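The two complexes that follow have chain A in common; it is paired with chain B in the first and with chain C in the second.
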Partner chain A sequence: MRRPLGILLPILILIVWEIAARFINNQFILPRLETVLPVLLSPTIDILGTGSLLHNAMVSLERVGAGFLVALAIAIPLGVGMGWSRRLDALADTTIQLLRPIPPLAWGPLAIAWFSVGINSMIFIIFLGAFFPILLNTIDGVRAIKKTWVEVAQTLGASERQVLAKVVLPGAAPTIWTGLRVGFGIAWMCVIAAEWLPGTTSGLGYLTLYAYNFGQMHYIIAGMITIGIIGIAFDLLFRSVEDRWFCWRGLER
Partner chain B sequence: MKLAIRDLSKVFVTGTGEQVPALDGINLTVDDEEFLCILGPSGCGKTTLLRIIAGLDTPTTGSIQVDGEALSGPSRRIAMIFQEYSLFPWRTVLDNVSFGLEVQGRDREERFAVARKYLDLVGLASFERNLPYELSGGMRQRVAVARALATEPAALLMDEPFGALDAQTRNLMQTELQEIWRKTRKTILFVTHSVDEAVFLADRIVVLTERPGRIREIVPVQKCPHPRDRTCADFVEIRRHVLDLISGGSSD
Partner chain C sequence: MKGMRLLLLGCLAVLLIAAGCTTTQQATGDVGILYTKGTGPMPTLLATKQIDGYIAWQPFVEVAPVAGIGRVITYSGNLPPDDRWKNHPCCVLTSRTDFMNSNPAFVDAMGAATILATRYINDHQSEAADITAEWLAGKGNFTYGNITVSSVEILERSFPTVKFVNEPSEQWMGGQLEFVYALRELGTITGTLKNTTDDQTKALLFDTGPYDRAMAMINASSIAVPPAEANPVGVGYLLSDHHASLFVAVKKWQYFNDTYGIALKPEDPTATRPDLVDLLVKGQKVATLKLIPADAGPQLMQLAATKTIQMAYVGNPPAISAIDQGTPLKILMALNNEGSGVVVVTSSPATDWDSFVQWAKERSAAGKPIVMAAPGKGSIQDVMLRYALEESGLSVKEVQA
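After this line comes the complex of A and B, so read on.
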């Protein structure tokens, strides 16, 4: 029952959109559905010389992937350390709380100054977007580890390294995974904005901005819908893994 | 395994710097293959005593000797079973039971063979692929027992292991534990606040006073043969004596 109901509203929006587009009758404000759909349905056709929808989506995904991997490679070990050691937490916590509220895109000018125009500054911004949710969830996950689990492992002869690898990491994994899911979502938002930085010549973010210069609203909307669909697809992927691997979550006894 | 506890005391220091004595002047010798119950009211330090023997806490003064050697930190020869929340929820029953052998670096085949042997002993052979949340409370504690036994320790420390179970399951588990003890001949230190449980299980009962815990009396139960009948005269008499010790314990 939930699924049909969830699809109802998007269909309604499409109908309202089409009616409104016919009523407004101005493709620079709201293009009609039938101009957007063909763009979505032929994702391999070149758009305004920037490459196809699919090509630009892959470019954006690669950037997100790179920034996301750097973020998790740093955030997970740091988070485990901060969750496990009070001393490391005391050392790093204030700095992290200060940096966290700064929107990743506010780093844009610095990113360009440090990494110059191009892929590296974009990866840096995506990294910042994904880093904090992963870090904070990892810290929370490690802190929520039941003391008994650790003590059982110790009495069975586990070294501290074994406790970390065989108890703390798997025990915190569901929460860390939530951090990865949220982090990926934010990274995906960041890539679109990062592709608006000067000097970019590809990606879904660039495509939408470029199409605007030509008043090609149907390309913009097709790009936005693609961004949304890819975002949902990854969220579903993360959730399905969560359901499969961490079915024990919330059932610790 | 023979355990000798000498002049052991434990003082906790709270966050405000206040000193709270938990155990005071504990002298106790646990014989090889003995089943010893430690009985006392809540907060008397009985769990603390067990944790010190497990190497999870350190005594403020005094010492513990295991077969003549001083104890320092967790030992492979001593395994502990907790009241609850002790199974790793992400590991199957088999992977839980073989955890101790895994951290010892034994290979997969060997540790699974040993784990299966002990799962069989606790009657859970057919549940090896299940995750802990799929098991009942009694079954989870059986897994915990199997996991502790799998490293083949000389002594088992049990901290109110059946405290979270319903009365019926609890009685069943007590009978099973007796059986396991008879088969494996481990030294068992069993903490409980149930007089009935202590009298049913123990060779000797160490009755502690309220905080700070001191040994009030050590009550021998050997004259009651296993399996014990809760209604036999000796059982009732010992039970009454222990109850008197506990209810009179607050006056001194």
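After this line comes the complex of A and C, so read on.
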């Protein structure tokens, strides 16, 4: 019953969109469905010399992948450290809380100065987007480990290293995974913004901004829908892993 | 906060009126100017009636009539006062001075490639428009509701309104000085150019050496082979037909290679908008160029200031501002004169500048001054529109978002 209901609203939105587009009759406010659909249905056709929808989606995904992996590689060890050691937490917490509210795109001018135009600047901005959710969830996950689990392991003679590897990391994994899911979502949003930096020549973000120059709203909307679809697809992927591997979280009391 | 500011402004107004120092402008109306950081938002703002018109560089002037959302009332060369903007300077080729000093032969060769491409544009205008349509839009179509137009058609409309020239003549430098004066008036010049004499300004802005040497090489039919560059050279440009000499130089590289022995060969010949090109002189690869597009000149000048790019195709005000702010940069030669235009919304009664001025005055008198968009404060388009409006008895107010 959930599926049909979930589909109903998008269909309704499409119908209302088409009626509204005909009524408004101004493609700058709302282009008609029939100008947007062909773009989505032929994702391999070149758009304004910027490459096809598919090509640009792949480019954006590669950038997100790279930024996300860097964030993951730094945030998880740091998060485990901060969750485990009060001293490290005291040292780093203020700085992290200070940096966290800065929107990744605000780093744009500095990113370009430090990493020069191109992929490295974008990876930096995506990294910033993904880093904090992963870090904070990792810290939370480690802190929420039951004292009794750790004590049991220690009583049985486990070293600190063993406790971390065999108890803390697996125990915190569901929360860390949630951090990864949220982090990836934010990274995906950031890539669009990162592709608005000067010097970019490809990607879904660049494509939408470039189409803006010529008032090509149907390309912009097709780009937005593609961004949304890819976002959902990855969220579902993360969720299915969560359901399969981390379902024990709900069972354990 | 906002209420406080209004209150303060109100108090100030009362005080000024009481003191009898209300402004004594002879202006008979106001026009609002909205800055849109490039041309991107202009068609949308016009189509949704948030602005009454805009001034932009080509080909974005032609987008409005083709999309049926606006009408071109004048191109920039015809803005008042009479003949003031005829052949006005526009975009320029620039280089960082440290780069020029260490790579003089490379900069001369780039100058030669640019001059040869400009000649080609003037001899083959329709082909150049075609090439530019490919670079800017992959020769794709633009769709505006029921109307579908080829990008080639838009570029063919816009090309005749741009004058492609390179010579850094005395007259052209005089035109550049006009922009320096205008930027001083706008208060955007605050550094090294603030109080300079004209001769000092010219010495700070220009280095015509590369142009002279490039011309000598072209006239002698022999381009000198520069020493090979170890690192890629960053070259910035804008996605405008003003920079067609770059697009033509790259897309027609084979012709230039065979005819003159100098070429900018794209590393990926299938790319519509190549970002890596090789400078070939007499068949030898001299350097790899990283071509970096931006939305507007100030962005390019920031990239030049951080050494991300060494040379830039850019509008003259951003170059002047960058030099004023201490970026070690020189203007080497012209790229084009004119090439901007003023567009008004289709529902406007204006068909030319005079009827536009009348319309603006009527709207101002009715308490609803028109709002015009310009790409940025101190841009060529902004400066010309301000001058023209003030010349016509209208005063300019910046629209605060």
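Methods note: the second predicted complex is superposed on the first by the 252 of 253 C-alpha atoms of A that agree within 3 Å, B and C clash if a C-alpha of one lies under 4 Å from a C-alpha of the other, contacts with A are read in each partner's own complex, and residues count from 1 in each chain.
Everything below uses one rule, namely that contacts are C-beta pairs under 8 Å (C-beta built on N, C-alpha and C of every residue); 3 or more make two chains touch, one makes a residue touch a chain.
Predicted model, so just to flag it, every value in this text is computed and none were measured.
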| item | value |
| --- | --- |
| Fit or clash between chain C and chain B when superposed on chain A | fit |
| First, second, both or neither for A:Q27, with chain B first and chain C second | second |
| Touching partner for A:F214 - first (chain B), second (chain C), both, neither | second |
| Chain B versus chain C as contact partner of A:P103, first or second or both or neither | neither |
| Per-residue touch tally on chain A - higher for chain B or for chain C | C |
| Chain B versus chain C as contact partner of A:V167, first or second or both or neither | first |
| Which superposed partner A:P77 touches (first chain B, second chain C, both, neither) | neither |
| Touching partner for A:T50 - first (chain B), second (chain C), both, neither | second |
| Smallest distance from any CA atom of chain C to any CA atom of chain B, in Å, after fitting | 46 |
| Touching residues (chain side chain B, partner chain A) in the complex | 54-56, 74, 76, 78-80, 82, 84-91, 99-100, 102-104, 131-133, 137, 140, 147-148, 151 |
| Contact set on chain A toward chain C in their complex | 25-29, 31-32, 35, 46-50, 109, 112-113, 116-117, 198-199, 201, 209-210, 212-218 |
| Touching residues (chain side chain A, partner chain B) in the complex | 146, 148-149, 151-159, 162, 166-167, 170-171, 173, 246-248, 251-253 |
| Chain C to chain A touching residues, read off their complex | 38-41, 43-44, 47-48, 60, 63, 67, 69, 134-140, 142-145, 151, 234, 239, 272-273, 275, 292-295, 299-300, 302-303, 306, 308 |
